[in-house]
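Both of the next two complexes hold chain A, though its partner changes from chain B to chain C.
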Partner chain A sequence: MMAVVIVLALMTVSPFFFIGLINKVKAVWAGRKGAPLLQPYYDFFRLLKKGEVISGTTSIVFKIAPSVNISAVLFALLIVPIPLIGSVINFQGDFVLFAYALGLAKFFTVAAALDTGSSFEGMGASREVTYSTIVEPAFFVVIGSLALLTHQISFDSIFAAVNFSTHYTALIKILLVASLFIMLLAEGSRVPVDDPNTHLELTMIHEVMILDYSGPDLAFIQYAAALKMTIISILIADLLVPSYLGLLPTLAVLAFIMALVFLSVGIVESLIARSRISHIPQFLFLMTTLSLTAFAVIAFFLFGVIG
Partner chain B sequence: MWLSVYNFLIGVALFVAGGVAAIFSREKSRGKIFFLFAAAGQFFVLPGVVGTLLNGGQLEMPLYFSGPIGTAFLRLDPLASIFALVISVGALLASVYSIGYMKMYKGDRASLSSYYFFLGLMSASMLLVVTAQNAILFLIVWEVMSMSSFFLVGFENKKEDVRKAAIYYFVAMQVGAAFLIAAFGWISAVSGSLDFNSFSPFLSNSGDVSILLFILFFLGFGTKAGFVPMHTWLPRAHPAAPTGVSALMSGVMIKTGIYGIMRILLLAKIPDYRIVYGILFVSLITGVYGVMNAIAQHDIKRLLAYHSIENIGIIGMGIGVGMLGLVYNSPMIAMLGFLGALLHVVNHFTFKSVLFYGSGVVYSQTHTRDIDKLGGLSKYLPLTSLMFLIASLAITGLPFFNGFVSEFAMYLGFVKSFSSNTLSMSVAALLGLSGLAFIGAMALLCFTKVYGICFLGLPRTEFHSIPNEKEMTLLIPMGVLVIVMLAIGLFPWLGIELLRNVVMQFLPAGSLDQFEAVIPVFRTMSVVLAGFLGLFGFFFGLRTYLLRKREVAVFKTWDCGYQVGSSRLQYTSSSFAQPFLRLVAELVPQRIKVEKEPVLFPETASLESHTQDLSERFILKPVIRSLDNFLNMFSWIQSGKMQQYIIYGLIFLVFLLIWIFGVR
Partner chain C sequence: MSWVEIRNLQAIPLAEIPRLPIEGLRLQLIEKIKRGGRLVQFFGDKSSDGVVLFAVVADDNASRLYVASSSFTAERVYRSITPEAPSAHLFEREFHEEFGIVPEGHPWLKPVRSSIPGIAGDETPYEFFSMEGEEVHEVGVGPIHAGIIEPGHFRFSCHGEKVYQLEIKLGFQHRGVEVLFVRNGGRPIYLEKLAESVSGDTVIGHAGGFIRAIESLADTVVPRRAKLIRTIALELERTAVHLGDLSALSGDVAYLTGNSVFGALRTRVINTTMAICGNRFGRGLLKLGGVNFDITPQLRDKIASMIDELDEDVSLAAEVLFSSASVLERFEKTGVVNRETAAAIGMVGPAARASGVKIDVRSDHPFGGFEFIPVHKLTLEGGDVFARAYIRFVEIQQSIRIIEEQLSGLFAGDMKNELGQLSKNSLVVSLTEGWRGEIGYVVITNADGKIRKVKVKDPSFHNWLALSLAVREEGISDFPLCNKSFNLSYCGFDL
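Let's look at the complex of A and B:
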């Protein structure tokens, strides 16, 4: 119980550290010194202390959206299983609630963007929902593959059972990790899907949707975005952390893998440019392809078509 | 005594009586008179319905007809009851809504009196459709339902497009009915009886005959429900009908098609596995195709019509999962599938009615159904806007609202199918799982579009008059349904307990413990959602607390420093949907016509886009054309010459004489 509370507390404070890590990697790669690792925390607290400027066009939807967003993502954190510790909330089919809670956050973020009546924000909103029509089903293919492999029906038990090793588990894990990594880039609005540092509203996705936010609301949104990436990195770690270690080594490996994931995000961002908007769906379909391949491999082996 | 079909029939009669009474009453009070009769009808209809739902078992009553019908049984079992509940409440709410909505048409005396007459007839016939268990009686009330709704669709018959839509609807319903007549005729002939119960053995033997029969039934009932490719009447008829009727048709009437399919499956007990995969496949296509086309629509009621198609697909997927569970002998999966399907029938009634009622409020105030002309309505219609938002969240299947509960049950059914150790079932489960997620993500796109463009932002065109929501009768039906939506969304086990006896009808005897086993999941969900709500309360409280003494300035929207644009610069629904529609351009083809002066700085320009229904072009049109060609070969029979017709008559008489004297 104690361990759960401590680990969850760590998870809730860590997201900005990982964002700082990405920025640091990018800076070092570009030969700059870069902002301090903890800069996102300073920004967060600075925003919390500020007042707000609100567009006169907006309605109540705009005001509640950031709170819905942050509570939905924190709620999702409670459902995600942490290696060896498990999840706070688990019941049959809990991953559906996980995906749909994030969907609720997305609905409100998009509606709030449309609430401002700005065509820039409409543009970002439209892209956000379009891309989620590709990512969402692919995520369920990932979960479906794991459910087929393990015959389990809750997040917790799926990931607890996934660590048995057969001769093809490694292949499946590679495919699914790659798949989830693409999801991380898409949901976290990172290069090549979206560039968080761009300065042209016409090309943004996530940043443009929140143009009109300021103060505590903006702080909530930024925290929620960072936490969402952290959650997906936990899912990736769930696939990779071995199950035979003790509590502390497991947590150390977990932290290491999560850091590695964010390091990779930073490296990807340093190495490649953001895609053209019209090319992004092709990149996202890669997630569908990878997860479907994983499903096919599992099905082939389980039902003896090959092997 | 209250719990009897006899009382149920009195309730049905009250609906008809209300319609007749409305004809003879003064124009102002027509709606109220009909409402009083409909409300009184509830007291007779609901006891039997609720009693059967809660206690199980069935109520029955024989009716004695002369002629071909003979003895016809009306039976009220749990399956009939859940549909009757939706029909009865739906008709009552539509009658309340009509009081306010039909004020738009005041002065049109003849049409208005027929409106309530046919509304009563339609409600009564729908109630009889779900209880009549005699093939001929069923077909009669089925036709009465189609006819009365045809007259309601054609209410504004002075407009040409309404007339066209009504006639299209009429033809579609007759084609559907033709399949049903063939199916019922065939099965009555082989079973030698008109009673539904006697059909059972001929549906359940898994031979090719039962499959052919089932296909006929599916084509007939599927036309009413709106399965692809028989769905084409929905996007025509729903926008044409007055909104109260659209809501009743979309929320309630198309479910009689679902009822028919479920009744046949219930009689079949365990169907052939090919039927099951067929249903799953058609439903998946229907769901995906419906929502994809919905995204491309600008007319709000046409868009909602396509969403009805989507939801019929979702319900069909639930039925498919249920059947899959039965075929592979897993009561748990079967239970989850039927539970999801039946709950979605109820849920879709609630949110789709609210969405149609909301669009009706918008239409009555702005006189347009074009989403791109609207905007900023949440400031003028705050209550409508709030209820429309809740219904949008519910239809998208997001947590806290009822749509999530039914889709969750289906998801769970699919995930459990992975443990079945059969390849075909696993693949079906994966398709279902990702298909539901795909439909959900597209619904999210579509409803952020509808809600965001219509209700948020600024008005895109000037209103004729300032919109208001003073008319309470338009809001009350929405309010009632929103309460139901929240109740099922927050306390899922309430809805599930209501459906217990209906679901048990489909399962093999002795699987009640399976049902009990799944209830804790939904109770947990209730608690968990309360936690979620607490989190939201905390953060919204924190925000309010932090901002309490600080300056919150109100300023214009940030538009990159450009502040003089008109509200028409806002994103439109077409531009919002464009990136997605480009992805699926092959499936939802759009014709875009751009006109502008060929000069450097054109002063006028226009853009039009039309969406084509692909299935209409590639499935329906070729079928109709080839039928047309075939039938044209016999057109010489109908020459238009009187002399020739007299010869036909003579030939017929001669044959008759030969038959009477020669053959007998």
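Let's look at the complex of A and C:
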């Protein structure tokens, strides 16, 4: 019980560290010294101390959206299984709740963006929703593949059972890790899907939806976005952390893999340009393809049949 | 009566410029443009009995300029030139705005720089072209932007992500530059500073263009050494801005490597300009009659070694940028302006050359040091963002060659000559190839040999329309990239 509380507490404070890690990788790649690793924390506390400007055209939706957003993502953290520790909330089919907790956060972000009546934010919302329609089903294929593999239908038991090793699991894991990594880039609004550093409103997706926020609300939104990425990186780690280690080594490996994931995000952002908006679906469909391939591999080789 | 034929920077008495009836001028102007001439200037000048309209057409192949004028006394209407020669479109709007003379049949007779809400209360609000339809939506951007950029308003009519039409409203930075030139005409230092400030990113280009115009009117011979230093400064400016643009283009597509590497290279170049004159943008370097700062032998060696290193590093960085698949995906086939359109609307500079229009003032109408330097006109065919990016790379290489050559030919000599009296009642046309394209100045003197009229034309004046056309049928999210690929000046346009 103590371990659960400590680990969850660590997970709640770690997201900005990982964002700082991405920024550091990019800075080093660009030949700059870069902002301190902990800069996102400083920014967070700076924003908390600030006042807020709220547009007169907005309604209650705009005001509650950041709180709903942060609560929903924190709730998702309670469902996601942590290696050896498990999750706080688990029941059969809990991954559906997980997906829609994140979905709820997104829904309110989008609704708040539309609430402002700004044409920019409307465009951002439209893009966000369009890409979600590709990512969300692909996520269910990922979890569905694992469920098929393990014959389990709750997050906790799926990931507890997934770590047996056969000839095929390595391949399946590679496919699913790649798939989840694409989801991380899409949900985290990173290159090549979105450009977190741009000032060009017309090209933004996530950033443009939150243009009207300031102060603590903006701090909440940025925290929720970082936490969402952290949660997806835990899912990736779930597939990779070996099950035969003790508690502390497991947690060390977990932290290492999560850091590695964010390091990779930084490297991706350093090496490639952002995709053209009209080509982003092609990139996202790669997630669908990868997860469907994993599903097919499982269906064919482990069970010899499909359906 | 035929038009008077002059060369770039050749001062002529006003009396030699034929005064045609407006319909005759119109027909001959259209005829000249149809035969491959390029409209370079078209502006009005208030005279005692009305308004005199001057038109300058360039024959780029023959290195000649043709000038004619027409006067408006009582009549306030004439038949528009634009329907038959689209490159006149903005010139006619400007003429209409300044003098209230209506070009009848002009398809798009809107304000150019006025109609800014809140500046003058009595102005009629600007009416944007609007599209109707259930699925059409409008997006307005600016004049206040998210980054540190100049003010301009962009109105998009879109269907989803696709842009049908973009209208650009400028004028937010109108400072009255042309009037200031005349009002403070007596003080040379003021004129130099003013010319340097027309567009902050084209200090050497604008100051050079203006200063050469005045020197021609004063019949002042600039020492060879000063010409070489000016040429070096102009090419350093071109190199620096092109490098900055390649950096910014990389930044706009979130390509970190290009963004940082080209940014760092640009710093080296502007620091070299600083080593020459103490200012990274070259302010204070040029002077009426010559230059204020010398390039000493030590400095020459320093510049030479910088240029040497730069040459190698630029090639390396460009190789990485232009071979990156993710960058090419963004650059290629984005924001295409084809050659016919580019020529028809009178585009200039690297943007025109990227569309395959063979014009370069350095070669067509040599000025300053370029009288002694053959400049090969570099063109590409694509007309897309890639072409506009790549032409910058090849122009950087070209500029590096020019600078190398100038440095080796830098022999001892004077840095400046005294500026003489300006010829009376004269006109001079000055064309300069700035990094953005053709910078045009026309200076007219009065009977006392004082400046009476200065007409300034930044290359942006020709190219803003090209940007509107480039983004048609493109995704709205690619607009910033297209915009950056032209990198036009707002204040240079607004004057």
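Methods note: the second predicted complex is superposed on the first by the 304 of 307 C-alpha atoms of A that agree within 3 Å, B and C clash if a C-alpha of one lies under 4 Å from a C-alpha of the other, contacts with A are read in each partner's own complex, and residues count from 1 in each chain.
Keep in mind that, in the parts below, a contact is a pair of C-beta atoms (placed from the backbone, for glycine too) under 8 Å apart; a residue touches a chain by one contact, two chains touch by 3 or more.
Keep in mind that what you see is a predicted model, and the values were worked out from it rather than measured.
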After lining up the shared chain so the two structures overlap, which partner does A:E201 touch, if you call chain B first and chain C second: first, second, both or neither?
-> both
Partner chain(s) touched by A:N163 [first = chain B, second = chain C, both, neither] = neither
Looking at the overlay, does A:T289 come into contact with chain B only (first), chain C only (second), both, or neither?
-> neither
Chain B versus chain C as contact partner of A:H151, first or second or both or neither | first
Chosen between chain B and chain C, the partner touching more chain A residues is B
Could you look at A:R274 and tell me whether it touches chain B, chain C, both or neither (first, second, both, neither)?
-> second
Return first, second, both or neither, reflecting whether A:S264 touches chain B, chain C, both chains, or no partner chain.
-> neither
Touching A:Q39 in the superposition: chain B (first), chain C (second), both, neither?
-> neither
Check whether A:S119 is in contact with chain B, with chain C, with both or with neither, and answer first, second, both or neither.
-> both
After superposition on the shared chain, which partner residues are touched by A:S243: those of chain B (first), chain C (second), both, or neither?
-> neither
Would you please give the residues of chain A that touch chain B in one complex and also touch chain C in the other complex?
-> 119-120, 122-123, 126, 201, 277-278
As the complex stands, chain C meets chain A at residues 137-141, 145-147, 160-161, 250, 252-257, 259-261, 264, 324, 326-327, 329-330, 334, 475-481
For chain B, which residues count as touching chain A in their complex?
-> 375-376, 378-379, 385, 389, 393, 396-400, 404, 407-408, 411-412, 414-416, 418-419, 421-423, 426-427, 429-430, 433-438, 440-442, 444-445, 447-448, 451-453, 455-458, 518, 520-521, 524-525, 528, 531-532, 535-536, 538-540, 542-543, 546-547, 550-560, 567, 569-571, 575-580, 582-583
As the complex stands, chain A meets chain B at residues 48, 50-61, 64, 66-68, 70-72, 74-75, 78, 89, 91-93, 96-97, 99-101, 103-104, 106-107, 110-111, 113-123, 125-127, 129-130, 132-133, 135-141, 143-145, 147-148, 151, 153, 201, 211-212, 215-217, 220, 277-278, 281, 295, 299, 302-303, 305
Touch list for chain A against partner chain C, complex = 26, 29-32, 119-120, 122-123, 126, 191-192, 195, 197-203, 269-279
